[in-house]
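Before I ask anything, here is the structure I am working with.
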Amino acid sequence: MADRMLMKGNEALAEAAVRAGCKYFFGYPITPQNEIPEYMSRRLPEVGGVYLQAESEVASINMVFGGAGTGKRVMTSSSSPGISLMSEGISYLAGAELPCVIMNIVRGGPGLGGILPAQSDYFQATRGGGHGDYRLLVLAPSTLQEGVDLTTLAFDLAEKYRNPVMILGDGFMGQMMEAVEFKESSSSTDSSDAEEWAVGYMGKRGKRALVKSLYLDPEELEQHNHKLQKKYDAMTQNEVRYESYQMEGAEIVLAAYGTTARIARSAIMNLRKEGVPVGMIRPITVFPFPYAPFENLSPEKVKDILVVEMSMGQMIDDVKIGVGKDIPISFFGRCGGIAPSVKEIEDQIRKIAG
Amino acid sequence: MADRMLMKGNEALAEAAVRAGCKYFFGYPITPQNEIPEYMSRRLPEVGGVYLQAESEVASINMVFGGAGTGKRVMTSSSSPGISLMSEGISYLAGAELPCVIMNIVRGGPGLGGILPAQSDYFQATRGGGHGDYRLLVLAPSTLQEGVDLTTLAFDLAEKYRNPVMILGDGFMGQMMEAVEFKESSSSTDSSDAEEWAVGYMGKRGKRALVKSLYLDPEELEQHNHKLQKKYDAMTQNEVRYESYQMEGAEIVLAAYGTTARIARSAIMNLRKEGVPVGMIRPITVFPFPYAPFENLSPEKVKDILVVEMSMGQMIDDVKIGVGKDIPISFFGRCGGIAPSVKEIEDQIRKIAG
Amino acid sequence: MADRMLMKGNEALAEAAVRAGCKYFFGYPITPQNEIPEYMSRRLPEVGGVYLQAESEVASINMVFGGAGTGKRVMTSSSSPGISLMSEGISYLAGAELPCVIMNIVRGGPGLGGILPAQSDYFQATRGGGHGDYRLLVLAPSTLQEGVDLTTLAFDLAEKYRNPVMILGDGFMGQMMEAVEFKESSSSTDSSDAEEWAVGYMGKRGKRALVKSLYLDPEELEQHNHKLQKKYDAMTQNEVRYESYQMEGAEIVLAAYGTTARIARSAIMNLRKEGVPVGMIRPITVFPFPYAPFENLSPEKVKDILVVEMSMGQMIDDVKIGVGKDIPISFFGRCGGIAPSVKEIEDQIRKIAG
Amino acid sequence: MADRMLMKGNEALAEAAVRAGCKYFFGYPITPQNEIPEYMSRRLPEVGGVYLQAESEVASINMVFGGAGTGKRVMTSSSSPGISLMSEGISYLAGAELPCVIMNIVRGGPGLGGILPAQSDYFQATRGGGHGDYRLLVLAPSTLQEGVDLTTLAFDLAEKYRNPVMILGDGFMGQMMEAVEFKESSSSTDSSDAEEWAVGYMGKRGKRALVKSLYLDPEELEQHNHKLQKKYDAMTQNEVRYESYQMEGAEIVLAAYGTTARIARSAIMNLRKEGVPVGMIRPITVFPFPYAPFENLSPEKVKDILVVEMSMGQMIDDVKIGVGKDIPISFFGRCGGIAPSVKEIEDQIRKIAG
């Protein structure tokens, strides 16, 4: 049986994590995601879990490494500058093949920037802010309900691939209040195959697990990189998620994700009523990116692709890779904490529609 | 008059920085770039400068922020995990429009990885490991001499654009020994227009400079982002650098940078002697990326583009953006501290030449 | 009903703390007390408590401050250098009148020194390593059983006086194995009057408690100091504890505490059998120091006082203050991890006995 | 030739240090001593020295350890809570026998306390806030001129004994403005015998110096403690400094140091005019303490000793050790940032004089 509740975004995401079996949270406060750690600090003790506020984001992500290394469901959350501080640790988690969930409730940058919502961490999320050949699996919910559902999925995928999974949210989602439904989940706290690899177990191998990202022998490190790549290829094969919205007969195709896509949807709805043939491809996973629907667009039918972001243009690179050069690609973005309005998007579309 | 000397790569890069007017260095040790800080610790006091080993990379980059904020020529260097730790600070430097030079002598990753050379930080360098809409100007030398020359250029460009500039090197360049020539440079220690913006001055504005990346008003933050973008556009307009090697009549085009390009050059030389029509486009700046020479490739003439990297394939994204879909793009990479050999590259080319 | 068990010293002290209602432990590892945190890390979760290894001793003691401020029974343990790092925090705890228990399992110093037992932190314990006019209540057990009993007492006294209480042990006690009995205790986890002063309560005062050691107004700070002094005076009035051993007819009086007193006891027993009139005053509290029994020694009867310590002579100052100048005071000490032997003490006594 | 200038106390102390050959300063800001680091940050570069603000007091004192280990003249300064944070490092410096000067411009405590002057760190200064058997040589100037002179002496004594020397000042001295004279000094920057023991030298011993406080072998550590003790005995033999003021025929003897003694002097002057037979013993070194003048007081002549401190009574312990029980000892103290007034001290004396 599912529970339906009216909740604030950040709290709903936190509750979703707890229901997905997350028992350990390590973090450091930063606006606009503070309700996540706050909620976790109250909620985790109720389920026998542990909430720990670390002395910094660098410490947080290393505690996540420690917790994840034991095979438990572990999470951290932060906002843009805090995620940057976690870059080294995230690369270590990926290198050591540890599952965990990282929520980035993005705010405007660069630097301190502002505390209002943005989508300017797309590059960081999809190309790994950290060093080395690694990838995060990145889920970009567009509504709070989707955020809740993807949080459950995030924990499952993290374990399936033994890789960090990022929820790429933004301050709008974190601060809004909406009714959400928590579906029943059969998730357990422990990684199902933790005995195979997590520290503290003495499994079939008959020797203690060693969790590490260090491979001093270059042959070994190269093999390790190939093993990781195979995993990223499998993600690309199996985990691409996107939504096609009003794509039938669409001559103008919007590309947008997250809150921006939600706003774009209203613009599309309005314009379709007026007969403007506009649709949208909405990536739900931004890594792996849904290149296929963009590759499949026909230059005969589609006359323009409009990328809309709350940034100066980052996802546009992936759209270009997908589309190539036969269809014009244009961009509209707002930033600094400002979301594109329905009206602004409509205007952009109308301009293209001529 | 120029000085010609036989030097170890890391030391030559450090000496080049000193001759470019760098007086302040803040860093933390990590293999394989330790000769840079070591050299700086001896050399800077001789020119009235200051070398400071910070307590961590996070501290280092914040000290760079402090130093750069006074309008002086400041540098740090590190290798991959250390650069990740600097991600937040780098985003702050870009956000506050501060000039500085950051050397990344890349090693194999992810995580601790190994201590041998790699090119797996391309994404981090070109898409900003940090958060927010910002860009580094990234110079990728292919030989030690070019490293020395680009280091001088790096300081000049950093000031010209008031933006961090990264030298993207690798352990081969850092550890090799070669003769290098230090050309005369008219560089001064102080940013030429420091009085306009640096702390400690009281210029025309009649009030003390404030160096910051915080803009709580979203309108202001958006304007600030547009100002930054204009700068990145100007870089894209003015600073693209690349080398065309044996491109006349080339039917197979290699794309490679840094040490890998140096190796690829030998392979091309060998195969050209055999009559194989192969050439190379070698990006010298990887941001801004030289899209034009790739865009200009004719599908009638070029039958394949082979991207070669010491990574699992990162620059390949930029090549795809440049080339589009009309010419096949293939990839060959080694990683974990292993460079592709001349023979391996020749084999790849022969296979394509088929 | 009491439990009797054979236990290692450090573990017995930890178990005693748990039975005294300690639910929160914050610490950082250092030899020779590591069995305390190790035991706590296993044991506290069983009683619904929390064990946290901090990133340093500075962090530990500040976490103790936080925990103690909520009115819960909180403890830390360390050894000499670690206690020095806690000095600032201890002064803050005393200044803010927070109850807590601090175990110092002393090792040889100064600096890193060695890892073997010593009594060279007597000054630090009794005169406050930290700054400002404050005192710890310091309990110096001589046997493991006494250590267990004094640990229970420590938590009670900490709350009674709202002041940190130190258990001044040494590596011998920490590492030895002995049978100990845990008496039943009616201790609760919460400070009985926590509602009056601890954060998180909204008591009679009708406003939230503020826990602080900052008083910017000098009049207020002086008053605060007088309030604290009254407390220290009350301790001096009520809490002095010592043991008189074989003092009847004693012409030579030993002054020793802790493990040293235990060894001295054997020497006295042996010599009494030979008819040497030797006794001992053994301080159990070293602050407040039992001056009275020393003040009451009669110059007509006592011809020498022999202070024995595992240090270069620190308690000797308190003995001098108590005795004055009418009885000669001599000193015998070993240090660096070496305890005086029974034989050595006998020799010293014989020399005095002439 | 001497220079005479009107200067603020903290700045005069800093200038005295520079003239005594101090070239390296490491510290962290805290009121009321901030003018010392501020002055040093400007002044040291002028003499080819280095000023470094560390990230904390713990870091500062460890940088002092590093600098002192090279045989250079190094200093730090702080105020009460900051000195507590340095306790571990101070014990390391003493254990490794490293010369340095530490200025404590004492403020009211405990904990954060206030920012106004106090003398409540006497115990910490004289009994070593840190762990292990070690002592600081502690100089307690009463006027700014004496502060300047003792600062020169401090550097000389630090080297003579290879031991940290503390200047125990207070906020009054730090903040007052007075004319001071800088006498010529022949001090050099380097410890005269640094080649014998400092790192970086390869002296007679023919092997690199090792600076350490770790002695894992207990016999060795005990020997090391005896060596240190011999040094403290030599200090006690040679370095006791005190002033006898109006002691001829004195029936009431004040014991006071630092600023308090300066105020007491006025009270004594006033009362002597009225014929009250009052004098003062003013310790200039508080370790080693001038026990002799107190031991030599005759119970026939002196009817009361009045200890005056800006604390709740700490030096009183040393006075008791010196005097014994044949002369009554009374105490008058103010604290929290308040100094005893001339009038208050006169009143106390009158009360005793009866």
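All chains are identified by letter, namely A, B, C and D, in their written order; residue positions are counted from 1 within each chain.
Heads up, the rule we're going with is that a contact is a pair of C-beta atoms (placed from the backbone, for glycine too) under 8 Å apart; a residue touches a chain by one contact, two chains touch by 3 or more.
The structure presented is a predicted model; accordingly, all values stated were derived computationally and were not measured.
Looking at C-D alongside A-C, one finds more C-beta pairs in contact between the chains of C-D.
Chain geometry summary: the mean Cα position of chain A and that of chain C are 53 Å apart.
In whole angstrom, the spacing between the mean C-alpha positions of chain C and chain D is 29.
Shared interface positions of chain B, i.e. residues touching 2 or more other chains, are not present. Taken together, the touching pairs link the chains into one ring where each has two partners.
Residues 50, 52, 55, 59 of chain C touch chain A in their complex.
Looking at the complex, you find that chain C touches chain D at residues 58, 80-81, 83-85, 87-88, 91-96, 106, 108-116, 118, 120-121, 123-124, 127-134, 212-225, 228-229, 311-312, 314, 317, 320-321, 324-326, 334-338.
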